[in-house]
Amino acid sequence: MTNLIEYETASHEVRAVYDDIRATRQTEYINNFWKALANHPPTLWRTWENLKEVMGGEGDIDPLTRELIYIAVSVTNGCDYCIASHTAAARTKGLTEKVHGELLAIVAAANSTNRLATGYQIPVDEQFR
Amino acid sequence: MTNLIEYETASHEVRAVYDDIRATRQTEYINNFWKALANHPPTLWRTWENLKEVMGGEGDIDPLTRELIYIAVSVTNGCDYCIASHTAAARTKGLTEKVHGELLAIVAAANSTNRLATGYQIPVDEQFR
Amino acid sequence: MTNLIEYETASHEVRAVYDDIRATRQTEYINNFWKALANHPPTLWRTWENLKEVMGGEGDIDPLTRELIYIAVSVTNGCDYCIASHTAAARTKGLTEKVHGELLAIVAAANSTNRLATGYQIPVDEQFR
Amino acid sequence: MTNLIEYETASHEVRAVYDDIRATRQTEYINNFWKALANHPPTLWRTWENLKEVMGGEGDIDPLTRELIYIAVSVTNGCDYCIASHTAAARTKGLTEKVHGELLAIVAAANSTNRLATGYQIPVDEQFR
Amino acid sequence: MTNLIEYETASHEVRAVYDDIRATRQTEYINNFWKALANHPPTLWRTWENLKEVMGGEGDIDPLTRELIYIAVSVTNGCDYCIASHTAAARTKGLTEKVHGELLAIVAAANSTNRLATGYQIPVDEQFR
Amino acid sequence: MTNLIEYETASHEVRAVYDDIRATRQTEYINNFWKALANHPPTLWRTWENLKEVMGGEGDIDPLTRELIYIAVSVTNGCDYCIASHTAAARTKGLTEKVHGELLAIVAAANSTNRLATGYQIPVDEQFR
């Protein structure tokens, strides 16, 4: 299992990222994802910079919808960690049980029709090109 | 390649679904997806009933967001037909080039972090359970 | 694009595999899959030996059912070549339009419920362990 | 973790589905999958209606073969819950250790050749189109 | 189909990325991937910064091996564009037909054994944890 | 859960494979993967023969790089068993924490750009064909 790097034993560059996570998210808690990435500081730094911008930066898609999209991908990929952490994050942003159900229904439907389109080898309609 | 079944040569039960698609979507056009599914009428009927409800029925998630979720799954699964048809559908529901870019940036980020969480075998934090 | 190696220009070891494919399948035709694998003779040989046994050797699963299973995997992975070639192969082994439709309906349903089980993070029932 | 909804605390519409599952399967046991879907009754109802028909309704594919196809998809998608529950279901329908081994050998072979066909970018033979 | 943005009609910020791609890769050619990402400049910029570092920056993994890893992922995901572009890139870095064959044989073997491990629901050995 | 077959209770043909694994790897330990495959001896034998050759046989790709490729596939497929066992194997062949981090960064980047190329439906450049 991956070594999880705590703030107390982290290098200066890792601490700088942890500090920014804490300041940006306004929480003391650093979750395991970041403590694992800290084993390779360049990946920690790049991943945080990217996520901070894509999930939290300026944009036309609202924060909860970003989480719905993120969860849809994570469910399709079967990433347990990501499903658990982002479903929790989505709840703090307003995810209700009803919206969660609707989200998973769309994810299930898309996975189903994706395979039907692929299995029947359906040619793309000219007007969709 | 799959035989595409046209309205003119379709059975009564297939025509009934085509008629409902036309009435529901208020268009004369039946796209290739349905013409291919028509090779197995029960699948055509069940898939249409399901999609009509999940993508177009009552719900707290707005129509454009449903398409964003659908596209996120289709991109992750690599279904060319579904990406093409639903990106086209999303444009009719207000998808801008900017939102499309933001959507794909989230999909790309999630695919990236899904693999980092999996590759590092990160244990789920107690508070996310 | 991959160079397709024809019998005439193939090495002795590649020809030996081509000969065995022809004898086993009782056809003169060598399809592109093998002509591409011939770029790396050990892979050609191992893949043919494995497939010959798994898809055509002794076993309790009948030949058409083996193709249904193979197609189910190929559709889920989105492998266009494998879907096209094995759907064609299945037709020579008795695949009807109706069975094809039922197959894809099961594949679609499984892809759908797989994501629901994953998305809801459902714990495995004790009795299924 | 998802809340599992028991019969005793379920709404009228959820109980109706549970009752139908019990009657159709002739068992008192409701497995966790349905208890999780019950968080979103429309998804519970649609999923049950679909599965009841696709896995248990009229058709030319026999019940055990349907389970083999379902398992092939679930293994390819890596859905632990679905693999566990449907491998158990298949055993009640006659799955032997030998057939299980043959099934997984086909699934493994298809996953392997899918990637070879994709990696070598092999063009589909004219005769398979 | 996505609009491909040419240098001549690109904005200042897109041109800056194109200029850096040209300088870094020492070529005039900008491939379609970047011309498509240019529809959303922040994604173009972040993706280029990330790839430049991960695929071309300092590190203990040599350039050809990085491409082998990249191709292994792209084949597993079935991304035709990425397979084509990175197989071409790998050839410029020394990929031979033999190494290409060995690479795909490993990718095929791993995809095969991944499914066997998953299908048999094999518990992780204590010593691997 | 799958029955794990121990040497003491194994058939003659299974023991022969276990003996070869021990001799080839110069260890007494047989890991769970092989003990599970032993439920279907032909799959055990074929899988071992294939892996022995692909991962350990003659070739231009060095042993550690083969493991990196294997891990890249396993992470993309989300196979926990394979990630754990082959990350352990790679460590015995020289995998450092730094190389592990670089590997996962490439895997993450490829998964990200695969989806961007697919989502934008980017046509393959003529020169990559």
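Going in written order, the chains are labelled A, B, C, D, E and F, and every chain counts its residues from 1.
One rule holds in what follows: a residue touches a chain if its C-beta (ideal position, glycine included) is under 8 Å from a C-beta of that chain, and two chains touch if they have at least 3 such contacts.
For clarity, every value in this text was computed on a predicted model and none was experimentally measured.
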- Query: What is the touch distance from chain B to chain C, in steps?
  - Reply: 1
- Message: Which chains sit in contact with both members of the pair chain A and chain E?
- Response: B, C, D, F
- Item | Inter-copy rotation, chain C to chain E, in degrees (Cα atoms; steps of 5) | 120
- Interface with more contacting C-beta pairs, comparing B-D to D-F: D-F
- Task: Report the chain whose mean Cα position is at the greatest distance from that of chain F.
- Result: B
- Copy pair chain B, chain E: interface residue numbering same or different (half cut): different
- Task: Would you indicate which option in E-F, A-E or C-E repeats the interface seen between B-C, with over half of the contact pairs matching by residue number?
- Result: C-E
- Message: I'd like the Å distance between the centres of chain C and chain D, where a centre is the mean of that chain's Cα atoms.
- Response: 21
- Between chain A and chain F, what is the gap in Å from one C-alpha centre to the other? 27
- Task: Could you list which residues of chain A touch at least two other chains?
- Result: 1, 39, 42-43, 46-47, 50, 54, 76-80, 84, 87, 98, 102-105, 107-109, 111-116, 118, 120-121, 129
- Message: If we count contacts the way the header does, which residues on chain A are in touch with chain B in the complex?
- Response: 1-2, 29, 31-33, 36-37, 39, 43, 47, 50-51, 54-55, 59-61, 65-66, 68-70, 72-74, 76-77, 79-82, 84-85, 87-88, 96, 98-99, 102-103, 105-107, 109-118, 120-125, 127-129
- Query: Which chain D residues qualify as touching chain A in the complex?
  - Reply: 39-40, 42-43, 46-47, 77-79
- Within the complex, which stretch of chain E touches chain A? 1, 42, 46, 50, 53-54, 129
- chain E-facing residues of chain D, complex: 71, 75-76, 78, 80, 83-84, 87, 103-104, 107-109, 111-116, 118-121
- Touching residues on chain B, where the partner in the complex is chain E: 78, 97-98, 100-102, 104-105, 108
